[in-house]
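Two complexes are shown next, each including chain A; its partner changes from chain B in the first to chain C in the second.
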Partner chain A sequence: MNVEKFSYDNQIVKLFLIATIVWGIVALTVGVWIAVALYYPELNLGLSYTTFGRLRPLHTNAAIFAFIGNAIFTGVYYSLQRISKARMFNDTLSKINFWGWQLIIVLAAVTLVSGITTSKEYAELEWPIDILIAVVWVVFGVNMIGTLMKRREKHIYVAAWFYIATFVTVAVLHIGNSIELPVSLTKSYPVYAGIQDALVQWWYGHNAVAFFLTTPFLGLMYYYLPKAANRPIFSYKLSILHFWSLIFIYIWAGPHHLLYSAIPNWAQSLGTVFSIMLWMPSWGGMLNGLLTLRGAWDRVRDNPVLKFFVVGVTAYGMSTFEGPMLSLKSVNALAHFTDWIPAHVHVGTLGWNGFMTFGMLYWLVPKMWKTELFSKKLANVHFWIGTLGIVVWVIPMWWAGITQSLMWKEFTPLGLLKYPNFLETVLQIVPMYIMRSVGGALYLTGIIIASYNLFKTMGMGSFVANEEAEAAPRGPITDKLQYGMIHRYLESKTLLFTGLAFVAIIIGGLVEIVPTYLISSNVPTIASVQPYTPLELEGRDIYIKEACNSCHSQMVRPFRSEVERYGEYSKAGEFVYDHPHLWGSKRTGPDLHRIGGKYSNMWHYLHMENPRSMSPGSLMPRYPWLLENQLDVSSLEAKISAMRTLGVPYPEGFESQANAELMQQAEIISNDLLENGIVTEPDKEIVALIAYLQRLGTDIKTKVAETK
Partner chain B sequence: MKVIKKLKITAILFLLFIFSSTILAETAVEGGDDLGSLIKIMVALTAFLVAIIMWLILVYSEKSEAAEASGFSKFMSMINSRPPIDEEQNLLLDHDYDGIKELNNKIPPWFMAIFYGSILWAAVYMVNFHILGSGNVQEDEYAEAVQIASMEREILNRSGALVNEETVTILDNAAALASGKDTYVKNCAACHGMNGEGLVGPNFTDDYWIHGNKVNDLFKTIKYGVPQKGMISWQAQLDPTQMQEVASYILTLRGTNPANQKAPEGELYKYE
Partner chain C sequence: MKFSHYLSSIENVGIFPMISLILFLSVFIGAIIWIVTRDKEYISELEKIPLDNDNFSNNIENKNESD
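Moving on, here comes the complex of A and B:
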């Protein structure tokens, strides 16, 4: 049999590997920083760039796309070549993938701290970066599919099934969620509004978790776990079943992020039931991982790599049980908007993604540098400090979430809220916030120890950029499409497999999102809901820029306790002009949907200058720059006409009067402030923000007043 | 073997619990209902336990295979349906990817049972809420919670236990005024000043009043608020006694002449 000689590209793996370690430290440092900022608001040092609202998306983006993203590329570039018995399709594409991705990360960091954001969670980056992401991601995809096409192995291994699903779905999600109309180089509005925007956002957000944090790591697990344990995969049948059921069902579960919101009941129920059905497909991955270790458990004790894998896979099992449970409406009513959700997420990210990454790095570095790990002892220290960090992070946040939620809901025997002051429920959980930051700091210490250990190991060994290998050419594919061998046949057809994965993941999104456009009863219109005035629109963009939605929701759920606290529960028809929606996902501060008219303009002015002057003990940072910054109205005309293009009924030619109208409204507010003894120019950012806040949720009240 | 029995009982209890109807419902009606909250916490905690229990079962079953065939290990081997590890050679497929081999083990029957169960559950759920309409969707749930609360409120009102803007009187005992002061500091001082000198809201220490100077007037202003002037309604946050106490306390501030007084607003009232 003739044998072909070729080489594996280890250089690209090395680049991604180093980027993983570096960005991991950056992402977790920002995480610890904002964990402290939550109970020590002065930590921003008086700067707008370092407020919680700006740094929170920086942390999530850095952790997901920089740390975990680079870890995925590291793992994929190494394993894909080997399970295909082929070098990567094209070295230039590999390099574009690497440098393009790092460029995206740097651009993301710069824009996010500057307040350039779309406000959509995990998709905060503005349109030029979105395009860059799409291009780099497709480069990755082409490189991967190309490698699979020229593989010498007859069939595609299960790890690569997950890589294929990852590529296809993330591409669809990213492009679908980022369809936006640019206003300027740094500002755009999404084409979706209100409940559609919310559904698209969480179709994306939920499946970013699924196809960026789950499927690629299952793929990595299927390569690195059996390699490290030297054991066969437990069940090929289980691989097939859980792969297809996972990717098909996952897509449908997005609406569970919107339970008890204003989206239609049928969509919420689909979110719930598909989440429950997702339980077993998710656990299929855990089972195949843990049962592959059958007969190797004695080695787990003294092999740090396997230790990390076991805890990682167990954390995956825990969070994929917790997820369906949180999707039950009765549990969700308790947990949503509270710290339970970050706790749930961090079991997955710190436990599953983090530990799988560390296990992989501890296995890869000695392998690629042809040496032993510098210190097994340090790796064990990392393991224990990391595990302790997760526990100290997660358990206080579970309790914080449950405690606060019960306080929100508690009534006195007279039928009044027991804790009408929101702040009281926040101050109650500050000790748990402090513990969480300690947990985060422990975990960060762990990764710093790991980086020392890994760089030392690299120093000891000798790296080979191109690893020589040889294998027989693939030869003709002999599989036939016959009963019992259908899947085996599919595994030999790269493009067919990719196409079927695409079909599996596209159905759920279409069924849930398209009807909200086509069936008008899904968004009952409310006649009194009008477009924002120019000043309010500018104020809304300041709200977005400062990322107020990081801590404040705009969605009063239909619970008696929320209606008592905030006012009438939110209706779908109230959000029809909201490009984007700003419902938020976490209430670190109170809901703001009915804030309009609740306090005076002066109250808001003083509160923004120093929240503690109006709410003693408040944990909100000060926003003194809003009082000084000149409102930038340079793109107002473009904004109005963009909004009209998106279907907001501003009359033709309105953009030419928009500026005058803006000034008129601004003067009313600045005069009102003056009457109360506050001297401010009408063209300050604060005036626009006040105008927006005073408008929020009030349109529906006009209607009530009229009908009375 | 005691441990195994306990494990078994816990697992069965959990299964009974998870398929009981309380979880199928959306929320229990909320409101002063401690039992409801308790149930929710129990659901949450029990649910967390299951992940750990399942895991234990999984790991434990690994060892019990070698043990003598007790009832439990028979049960476990039935729901796991996997041959002992020494026989795995027979299951080895001819797959080899970079040295990784694959076994042709069956998918564990318990896995398939729960998977099919969840699909069945999903169908029942959708039919219940969206075809038969026999489950409460969120708007119905809300209406029900409000109705129960208003009935309870009505009973209290009729019993005469609650003061209102007509029946309210000035309280002058020290305990009530101290409690009124406490309420004031927590809720009113941010806008009306620590000593009633006025800030965003008007001054309480002069002889001028915008909405009247009787305890009934104050009670009414506190209860319903004056939204156009930025005074919020407090009836959802303070109970009637608290509003009576704080109104009584505010009336004691007249003439205390604190520093930084806000200019008078409203009409001058004559006091003897």
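Moving on, here comes the complex of A and C:
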């Protein structure tokens, strides 16, 4: 038989592997830092760069795209070569993938702490970085598909299916969610507004979880679990069935992030139904993983790799049960905006993604450095400290979420809110916040132990950058009729398969989003809702820059307890000029949609200077720089004309008057502050922010006043 | 909003949900049919891919060592 000699590229795997460990430590350190900041707001050291609002997106982006992203590349670059019996398609593309990705991470870190953000969750990076991400991601895809096309193995193993679906869908999601109109190099507005922006954002956000945190890791599970257990997967047939179900169903479930919000009811129901359906394919994957170990459970006891895999897959099962449960409207009414949601997310990221990654690293390093693991004992310590960390993280947050939500909703026998002061419900759960940071610190300790253990292992062994291998070339398929033509044909055509996966996910996406653009009744217009004034627009951009939406929602749900606490529930038509929407997903502080007119300008001024002067015990950080910083109006004209391009009805030529109008409104506010004994220049950032806050949610009140 | 006009000009867009339902069901049913009609040998060939490959590399390593 004709046998070809070639070599596997281990060097690229090594680079990604080291990046995984380094970014893992960074991401988790920032996580612990902000966990402490939630009960110790002075931790920002008085700097704008280190406030919770700016570090929270840094933590989520670092955890998802730096730590888990590099772990995906590590796992894919190693396994894809082996299941294809081929070297990666092109070494240069591999290098561009690696260095490009690290460049993106560094740019993300610098811009996010500087307040350069789109405010869209898990897609906070501004447009130049978005373009870079798209380019690097396509490089990854070309490299992967090229490898599969030149493979020597006759079949495409199921893991590669998951990798292809990951590539295709993340590309579509990223591009679809990042369609934005640049104002300057560091600022853009999304083309969508209000409920459409929210639907697109959570179509993206939910599927980022699906296709960045789930499908690639299922692919990794299908390769590394059989390797570590040294036996084939429990059921290959099940893997195929749950693959197709998963990619078809996942894409529809996004609206479950917006239950009881102002999006149309049919979209909410769609999200719920598909979330429940999603439970089945998810558990198909989990059971397939766990049952692979049937008859080999004794090996789990003394094999750290298998230990990590078992807890990882179990965490996957838990969070994919919790997800559908949380998308039931009755459960969601209790859980949404509370700490239950971060608890749910962290079962997935710490348990599933983290532990699958660690298991994979403990398996890969000895393999690639041709040695034994430096210390099995330390790996076991890591396993237990990590597991304990997850438990100490998650359980207090479940507790905190339910406690706080019940307090929000509790009425006295007289029909008044029992806890009308939001702060009371926050102070109640501070002990849980402290426990959560301990849990995070334990988990961080675990990864530091792991890095010591892994680097020691590397030191002991000898690394082979190019691992020699040989295999027979893939001949033409001659046995079509014998096995059934269609799938064999499909399987042999990598590009065709990629195309079908694309069709599958694009249809789900279109069906969810297109109708909201078509049916005008989906967004009932409210005549009194007007575009923001120039000063309010600038104030809104400060709100975005400081990421106030990390802790404050702008979505009063139609519950008696919320209408009583905040005011009239939010309507779709109120957000038609909101590029982007700022609904938020977590209420660490109270909702702000009806904040306009609730407090005086002076209250806001003093509250921003020091929240504890107005609300004793408040856990919000101080924002003294807003009082000092000059408002940057250099791109005001560009902003107004960009907004008009997006459909906001500013009259033609408004740009030229915008500056004068801005100063006029600013002087009214600074004069009002002066009357209350506060001397401030009208051109400070705080004035613009106050203007925006005082406008929030007031348009429909105007209407009520008029009709009266 | 302006952007929506691009999409609202799609004719007969109401057919989208029907197409997607039919596509989903046909792929799902197709996958089941494919699965139940596979013979054991073929499946076992597939599921051994990650394991086979490793043995293969090991053979190479062994061979190199014996050279």
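We adopt the following convention: the second predicted complex is superposed on the first by the 697 of 708 C-alpha atoms of A that agree within 3 Å, B and C clash if a C-alpha of one lies under 4 Å from a C-alpha of the other, contacts with A are read in each partner's own complex, and residues count from 1 in each chain.
To be clear about the criterion, a contact is a pair of C-beta atoms (placed from the backbone, for glycine too) under 8 Å apart; a residue touches a chain by one contact, two chains touch by 3 or more.
Since the model is a prediction, treat every value here as computed from it, not as a measurement.
S.K.: On chain A, which partner touches more residues: chain B or chain C?
M.R.: Counted on chain A, the partner with more touching residues turns out to be B.
S.K.: Touch check for A:P473: first (chain B), second (chain C), both, or neither?
M.R.: Neither chain B nor chain C is touched by A:P473.
S.K.: Return first, second, both or neither, reflecting whether A:V273 touches chain B, chain C, both chains, or no partner chain.
M.R.: First partner only.
S.K.: Quick one: classify A:P232 as touching chain B (first), chain C (second), both or neither.
M.R.: It touches chain B and chain C both.
S.K.: Under the stated touch criterion, which partner chain does A:S615 make contact with: chain B (first), chain C (second), both, or neither?
M.R.: first
S.K.: Just chain B (first), just chain C (second), both, or neither: which does A:L241 touch?
M.R.: So A:L241 meets both chain B and chain C here.
S.K.: Output check: A:P649 vs chain B and chain C. Expected answer is one of first, second, both, neither. What do you get?
M.R.: A:P649 sits against neither chain B nor chain C.
S.K.: Looking at the overlay, does A:Y569 come into contact with chain B only (first), chain C only (second), both, or neither?
M.R.: Only chain B; A:Y569 stays clear of chain C.
S.K.: Identify the partner contact of A:P431: answer first if only chain B is touched, second if only chain C is, both if each is, neither if none is.
M.R.: Touch partners of A:P431: none, neither chain B nor chain C.
S.K.: After the superposition on A, what does A:G459 contact: first (chain B), second (chain C), both or neither?
M.R.: A:G459 sits against neither chain B nor chain C.
S.K.: Do chain B and chain C touch any of the same residues on chain A, and if so, which?
M.R.: Common interface on chain A, chain B vs chain C: 79, 82-83, 85, 153, 155, 157, 159, 222-223, 226-227, 232-233, 236-237, 241, 245.
S.K.: What residues of chain A sit close enough to touch chain C in their complex?
M.R.: Interface residues on chain A, with respect to chain C: 8, 79, 82-83, 85, 153, 155, 157-159, 191-193, 196, 222-223, 226-227, 230-233, 236-237, 240-241, 244-245, 248, 467-471, 483-484, 486-487, 503-504, 507-508, 510-511, 514-515, 517-518, 576, 645-647.
S.K.: Of all residues in chain C, which touch chain A in the complex?
M.R.: Per the touch definition, chain C meets chain A at residues 1-4, 7-8, 10, 13, 16-17, 19-20, 23-24, 27-28, 31-32, 34-35, 37-39, 42-51, 53-54, 56-57, 60-61, 64.
S.K.: Would you pull the chain A residues touching chain B in the complex into a rising list?
M.R.: 79, 82-83, 85, 153, 155, 157, 159, 222-223, 226-227, 232-239, 241, 245, 260, 265-266, 268-270, 272-274, 276-277, 279-281, 283-284, 287, 290-291, 294-295, 297, 314, 317-318, 321-322, 325, 328-331, 333-335, 402, 406, 409-417, 420-421, 557-561, 563-565, 569, 597-603, 606, 613-616, 676
S.K.: Using the touch rule from the top, collect the residues of chain B that touch chain A in their complex.
M.R.: 22-23, 25-28, 30-32, 37, 40-41, 43-44, 47-48, 50-51, 54-55, 58, 62, 82, 85, 88, 92-93, 95, 97-108, 111, 114-115, 118-119, 121-122, 125-126, 129-130, 137-139, 141-142, 145-146, 149, 152-153, 156, 162, 186-187, 190-191, 200, 227, 229-230, 232, 236-240
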